[in-house]
Amino acid sequence: MSADTTSKPARESRQSGPVVGFLRWLENLSDTQYAYLLLTPVFVLLGIVAIYPLLRTFELSLYAVSTDLSNVRFVGLDNYVALFTGEKNRFLPGGTTFLPTGLDAANLLDSALVITLVFAVGSVLFETLIGLGQALVLDQDFYGRRWVRAAIIIPWAVPIVIQGMMFFLMFDSNVGFATPILADLGVVAPTNTLNDTVSATFIIIVADIWKTSAFMALLILAGLQSINRSLYDVARVAGASKWQQFRYITLPLILPTIGVAVLFRSVQAMRVYGIIDTVSSCTVVPSLSCMVVSTFNTHEGTSAAIAFVTAAIIGVVVMGIILWQGEDAI
Amino acid sequence: MARVRLEHVSKHYDDVTAVDDMNLDIDHGEFICFVGPSGCGKSTTMESIAGLTKPSEGEIHIGDREVTNLPPKDRGVAMVFQNIALFPHMDVYDNISFGLRLRNYDKEEIERRVERAAEIVQLEGMLDRMPDEMSGGQRQRVAIARAIVREPDVFLMDEPLANLDAKLKVHMRTELQRLHKELDTTIIYVTHDQEEAMTLSDRIAVLDSGRLQQIDPPLVCYNEPANLFVAGFIGSPSMNFAEATVTEDSLSTAYFSLAFDPASVEAVDVGDEVTVGIRPEDIYPGRMRVEVEDPSSLISTRVDILEPMGDEIFAYMLLGERRTSMDQSRADDQLLMSVDPDSTIREDTDAEVVIDRGNVHLFETASGEALAHGLSPVSADLETETTADADN
Amino acid sequence: MARVRLEHVSKHYDDVTAVDDMNLDIDHGEFICFVGPSGCGKSTTMESIAGLTKPSEGEIHIGDREVTNLPPKDRGVAMVFQNIALFPHMDVYDNISFGLRLRNYDKEEIERRVERAAEIVQLEGMLDRMPDEMSGGQRQRVAIARAIVREPDVFLMDEPLANLDAKLKVHMRTELQRLHKELDTTIIYVTHDQEEAMTLSDRIAVLDSGRLQQIDPPLVCYNEPANLFVAGFIGSPSMNFAEATVTEDSLSTAYFSLAFDPASVEAVDVGDEVTVGIRPEDIYPGRMRVEVEDPSSLISTRVDILEPMGDEIFAYMLLGERRTSMDQSRADDQLLMSVDPDSTIREDTDAEVVIDRGNVHLFETASGEALAHGLSPVSADLETETTADADN
Amino acid sequence: ASMFGNGSDTGAQVGESESGGTTVVWGFDATVAQDHADQLRTALHEKGGLSDDIRVEFQPGQPDSGKRRSTYNRLLSSQETTPDMFMMDNGWVNIFIQRGQLANLSEVLPESALSTIENEYFGGFTETAIDPASGDLFGVPLYPDYPTMLYRKDLVEEAGYNPTEENWATEPMTWKRWSNIAAEAQDVSGVDYGFTTQWDIYVGTACCTFNEVLSSWGGAYFGGRENLFGPVGERPVTVDSDPVVNSLNMMRKFVHGESFGGEFSDYGGGFTPTNILGWIEDSSLAPFIDGNAVFHRNWPYAINQAASEFGDDLGTMPLPYGVPESEAQFPGTGGSTSALGGWHITVNPNSQKLDAVTQVIQASMREEFQLFLLEIEGWLPPRASLFNSETAAELEPAGDYMDTLRVAGENTMARPVTAVWNNQSSKIAEQANRAVGQEVSSSEAMATLQSSLEETERNN
Amino acid sequence: MSSETDGASDDTGPLARWARNAIHNPRRVYRALFYVAMAFFMVTTVFPFYWLLVLAVTPQGNLLSGSFLPTVDLFGVRGTFPLPVPKGFNPTAFVTVFEQVPFHLYVLNSFVLAATTTVIVLVVASLAGYVFGRIEFPGRALLMLGILAISYFPPAAFVIPLFQAFAGNAPITIPFIGVPLFTPPRLLNTPGSMVMPFSALFLPLSIFILTTFYGQIPDGLEDAARVEGTTRLGALFRVIVPLSAPGVATAGVLTFISVYNEYFFSSIMATSPEASKWSPIVGGILSYQTQYTTQYNLMAAASVVGVIPVVVLVIIAQERIVSGLTAGALKE
């Protein structure tokens, strides 16, 4: 069939040959075939660089390897089971547990899962609001806008190590000028601030908001800028106030973009590691990724299992977000 | 109440003057049509009235308020946009009810109004469609419905019927007229359809290059165009023009001359260069001479092209020697006439025609200003009735 | 070469059938107009021909190839979109030259063609404008220019002149005709302007609800509409319809009757319910009875509303007792007639009218199918010329 | 099979240099490799007598010890052939040994070299490079690192003490005495802090500062010195014991001035800031350098910095102790104790140039070369004899403090590095920090630690 | 009338006057709110950056002790100035960063890696975004979720197998079965070993962004391009991509910055943190650390230097993030 088409004289085109034939073949594909064809680069890239290693890692999570590497045992899902029964907590830094062992504050804050969720909710919520605010400001026309834009994006351009360093030094016990101010307000602990789970989590959330609001702002701004301006004309004539224009035109039209932004920020937030490591430590603010990294060198199986469980938890949260955003988010 | 006044309104873009010193005074309850060639500034004027475009100069008043700096929402206008601009994320119902929801009308009222509007624009079964699932005409109707549910003081409609078929157009026109009466609103309306402009409007505003050329009731514009531009623009097919020189007793064009007494028109002297304008329907086949009220002498022509339109036939008649038409508009040696479809006229035959002198228009060639509408009768025949009519 | 054939083409959306078993055979070099009410499937049919919409069923052939599965670029078509669809990120020049640049024409050739096209659409000075700096009509002209530079085998034009003023429309029409001849292309054209359809097309395809109702030369559609739908749709203002019963020697409607010999039309028997269709221009004031070729008897009416259109006046005549019109279209007791602007007819006066029997149309009420066009003369007068003409 | 079998040499970056000699790649300290690679190379040849056929290339490792370990772990797990040799922290050499990822130097090095190490090197340090199970040597000590107590001579003299006369440089004193001196000197001088040290939640607290303090009280994590390197699971966990709790209470006394019902009433207190809870090496050093502290516990690198700031006013002393060795509850503990850090040279078992590598190692074992390292980097020699050498004494400024360093070097306590140390160190640091931060009592903290350490000791 | 207002304003304060004006002219309120918001965002985003500058110019020796808040003595009233200022001034840190390590090379590495990755990601994600945004096909939602799922995993989950594969010392084997497939080429210490994982890991975000934006471009424009003679891909790159410029630029900027600052993968794929082994900018920044000391001032100075190219890029790219790209395109 395709041979048929190619052998026909290319009546219109000036060139001929395999390229034309290929292009024609391409254009004649059904939507589905075409879709899958265009996705091949994605599949190939993800296959090599993501799927293959993930399978390997999953394989790893099914084994127990003794520290001297001499004893490699297939244990099936034991690593996973042990994670949930608390058996693996001893491999986790400090007093960290995977699941909370009790419902009081101390136990909850020792749990990597709880900390991760707290961090994700706190940071994503505020980042979305602030990012939206920033985007709305940047969307306006005013003198010097490009500089304000650049300024607002700067935090996103600062590497995490440096971001961590900045906040670490802000709360450092020698020179941190922020500790007394915030301690007076009762927000953070006055001493040993960065080793206090609540304070450190708060600071890390703030640091993350500082940096990643720009991510949100940038994305939402792009969404804002893609809105057909004539819709605002219509709305204005229809009598919409600024707020109503936002409510009825802007918001619904940038919702898909916000959706993507929230989705990815949530995913990133639930994988938080770097900023914790540089501002405080995984012992103090135990996130799930922290747990993966800290077991990484010694307990590969456990590490792999935690990685997969982390992914599964994120998956659950993401499904939640998608359902909450409505079917057409995807 | 909703009188709309524009005072010396201009709008300049970088290198274009879209509206140029526009003065308009539209009464409460008037139905005004803006007509004019593409790009003459109709939409821009509408947008200034709506508050979407800030005029570079001038003031705009709606009712007894100066609104030049007021935001659109406080002007009490509803608008049908030339580019339709439906909200892509809302279904038809939501699109139509948008303005009402903004004003917190109660649900039943909204529903009632939307249903009524949908009925008017004949979109009853489609309230839950999304804009991208509709045809061009259907979208345009949604845009109309969106404006009419609002029942504002002033309606601005920018070519609202452009994409509708003839029957629907007629229907919509009737509905608009009814609405106009019912709601007692001011309507400003842009159309390229002269029939529409004629049937709908109280007055027609003719624009060209951003300038107002004439604002008058439709028949006045038709029968007594203020200048060459209006004369040529209003009426389809367009008026025939011929350069003429005023002689002692006639207007003499390159191919024919009309009996004329220069003294009868004050501004005309012998030797002046004038332009004669004759509408296609004021040219008759020679055999009908007796029926014409103030006929000119017979002019011999050749039938070049016939365009049968169903209810009439457009005949392009060549004057003089040229035997084939090149450009149909404003070629000096050509006359377009409209003949009855039952007529036996044939292409490429010679034919004599006669012009109704009573409906001949005279313009100063240089300035384009109208000098006279209807030449005074040479014979002692009756005054032509139509001209007299239009004068009232 | 560029014959276009549609065979049993249908297009279904979720709950709508946009095109329903469409069969079309358009000859090379033909100029076809699609007309039909809003939403009847004109654009969808065009899109299927262009390859933008995949028909749910059926085959499409262009030239000697089946193109149903060919991508648009290989079909040799150019299209003017109903929604204009300019590339907003390109200036006018780039928009127009887009297709040429894709085909690697050399620079001079592109420049030449673009300039020529810009001239045709009268956009000479605007080649470096961006689409959002133009008026609605200017944008539409860019869209037309973009299509015509391509010089393709088939032109698809979806209401290309909708936003242009009357004069420009006339100009563009002429240019399109010239192009059509010059390039010897097939043109498929959607318009809501019947005048346009009449003047431009070789044949008119009348669509309704996705179905082809008639495809015939304009005057055939006008004079011999295949069914009630076509009869009502073609012609503006629309044909008058009246329900009638066939009696021994007449068609008897509620308010008047026309002399008629049932035997002269094969499909009609005494007692049949038929619909009589009479065009406004086939109704004449009583005093003109002598001039009408095959006049009916006088019908007494009352002048309800007059709509002066400049070159003619639409008069709504009430039959029977009702003294004020409610709905102007298809009210059984109302006749719309078109009269000369010089006529002395006055609103709210009684008037007698006469109908040209030779142009009366007869339809089966139940199916809407046409039964006869023109009633055979009752007297021994001449055959009516027009009907005979159209038969050729 | 051959298609897949010889995979290991596809990755080999063949080290033949143009001259036909061999290039040995040595994973090295990042800063040193960046700043002094040429000098080091020259020294290896000139002072270490390395053959000119062999060229050493120093490959900088990650500055962070933990990250460097991960890198080497990955390289070795992937059968990389380069670097041929590594500089490995004594804190994790053991783990590589356990995993069998290092070349057994007992088999590679000539007998002479092995016996030199056995006889002349600091035994305690060398031990961290030996497989406890087989006794084989897997790393050649490059330099040991252990802390001393730095102090401001001028300030303590102002407070009426005479360090030189009392021989503070080599005679360890008790915490009790020392704390009174610190408190008094702070009072008299009015500086901000009497003592600065590191007590953040990080590995340094577990391996070093806390380890030193509890050892000096006769305590031990795992029942005494002999259990430092295992056997995991079979050794006792002994953090919930009096010496350990006492040592923590003493730290609380130093920080908060708590009296604990009089138990520490004759100790000085309140001269240490809570800041130590967030301090690691450089943040605790800064106030000292700034002249804001009397005493400061740190590694030898700090001596260089402080000496350039204070010159002769800088004094060093071995870390004070709680109980003498004789009174220690757990064997091998008690007395002045310095935690043991430092780096070993280890060899990549996949290296294709073992011969050259052994030559480089032997060159680096030459005394001249070790003194060169002491001079240029301040890296202490791994053999005690060099501490007394003239060359060492002449070095500025380290020479002035060699006495203290030698004494400290004789009293080191290695970190208990085993396969599970990683899990244990963070738990230890956390509890030590919480206790001194007064979040929980010392005994509660140690009870918690006891049980979680026992957990980690369980089956591996 | 105007005198009335004047009279009234005499006996009220400026605030009340402003408030009254504001009620009559809500635009002023919006304007005011807008400036407040802008000021707030500027302060909150710029302040930490200012802090970074303070750190960069503070001499290393002064960094870790003493307060950054100077005490001010204003006519006898002592107080703490609430803004941190440098303790001493040592701008040479900006020179030292280049002296200690070839920092410019690290910057260059990051730049090259980021640029390459961004190009690859944008191209591949454009194809995918087109497919997901504009074509309905079976399996679409599932595939999108699958691609999204890649980003659920902590990067550590990829690293070991990838490292081993890129080392090229052993053949790739099928997971679980262990059947060897082929020995991959050695990629360690080459840009390939970084660009590939970066591309894969940052792909999902870009795909989603572009899907959203491409999906919003009206069909009419694609149709027009196709009738004019482009292929579907041609229409994508000639019409859809330019019109989605805000989205594309954003995806590009986000990817570029992420890669530019990435360290986890690069620190692993470069077996040692040397510029010659393609270690990126963070590798350079971290090399101001030694075992016990951290030269915060150099790290700060280095990151200020490192941020500059990004800011330049952002300023250039944001020119593309302009509104109204589809204005004037369609009548619908």
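Just a few scattered comments:
Every chain is named by a letter (A, B, C, D and E) in the order it is written, and numbering of its residues begins at 1.
As a convention for this text, contacts are C-beta pairs under 8 Å (C-beta built on N, C-alpha and C of every residue); 3 or more make two chains touch, one makes a residue touch a chain.
If you're wondering where the values come from, they're calculated on a predicted model, not measured in any experiment.
With contact taken as defined at the outset, chain B and chain D are each touched by A, E. Seen from the C-alpha centroid of chain B, the farthest chain centroid is that of D. Taking A-D and A-E together, the pair of chains sharing more C-beta contacts is A-E.
Averaged Cα coordinates give chain A a centre that lies 59 Å from the centre of chain C. For this pair, chain D with chain E, the centres built from the Cα atoms lie 40 Å apart. Between the CA-based centres of chain C and chain E the separation comes to 58 Å, rounded to the whole angstrom.
Chain C and chain D have centres, each the mean of its CA atoms, that are 96 Å apart.
Looking at chain B, one finds that residues 71, 82-83, 85, 136 touch two or more other chains.
Among the residues of chain E, those in touch with two or more other chains are 63-66, 159-160, 218, 231-232, 286, 324-327, 330-332. Chain contacts: chain D has residues 70, 283, 286-287 touching two or more partner chains.
Going by the touch rule set out above, the chain pairs that meet are A-B, A-C, A-D, A-E, B-C, B-E, C-E, D-E.
Touching chain E in their complex are the following residues of chain B: 71, 82-86, 131-132, 136, 139. Within the complex, the chain A residues that touch chain B are 228, 230-231, 233-241, 244, 248-249, 252-253.
Note for the complex: chain C touches chain B at residues 13, 16, 35-39, 42-44, 82-83, 133-138, 140-141, 158-159, 162-171, 174, 192-195, 198-199, 218-219, 222, 232-238, 279-281, 293, 307-312, 327-329, 338, 341-342, 344, 385-386. Contacts from chain E toward chain D in the complex involve residues 61-66, 100-101, 159-160, 163-164, 167-171, 180, 183, 186, 188, 267-268, 271-274, 286-287, 289-294. Of all residues in chain A, only 8, 11-14, 24, 27-28 touch chain C in the complex they form.
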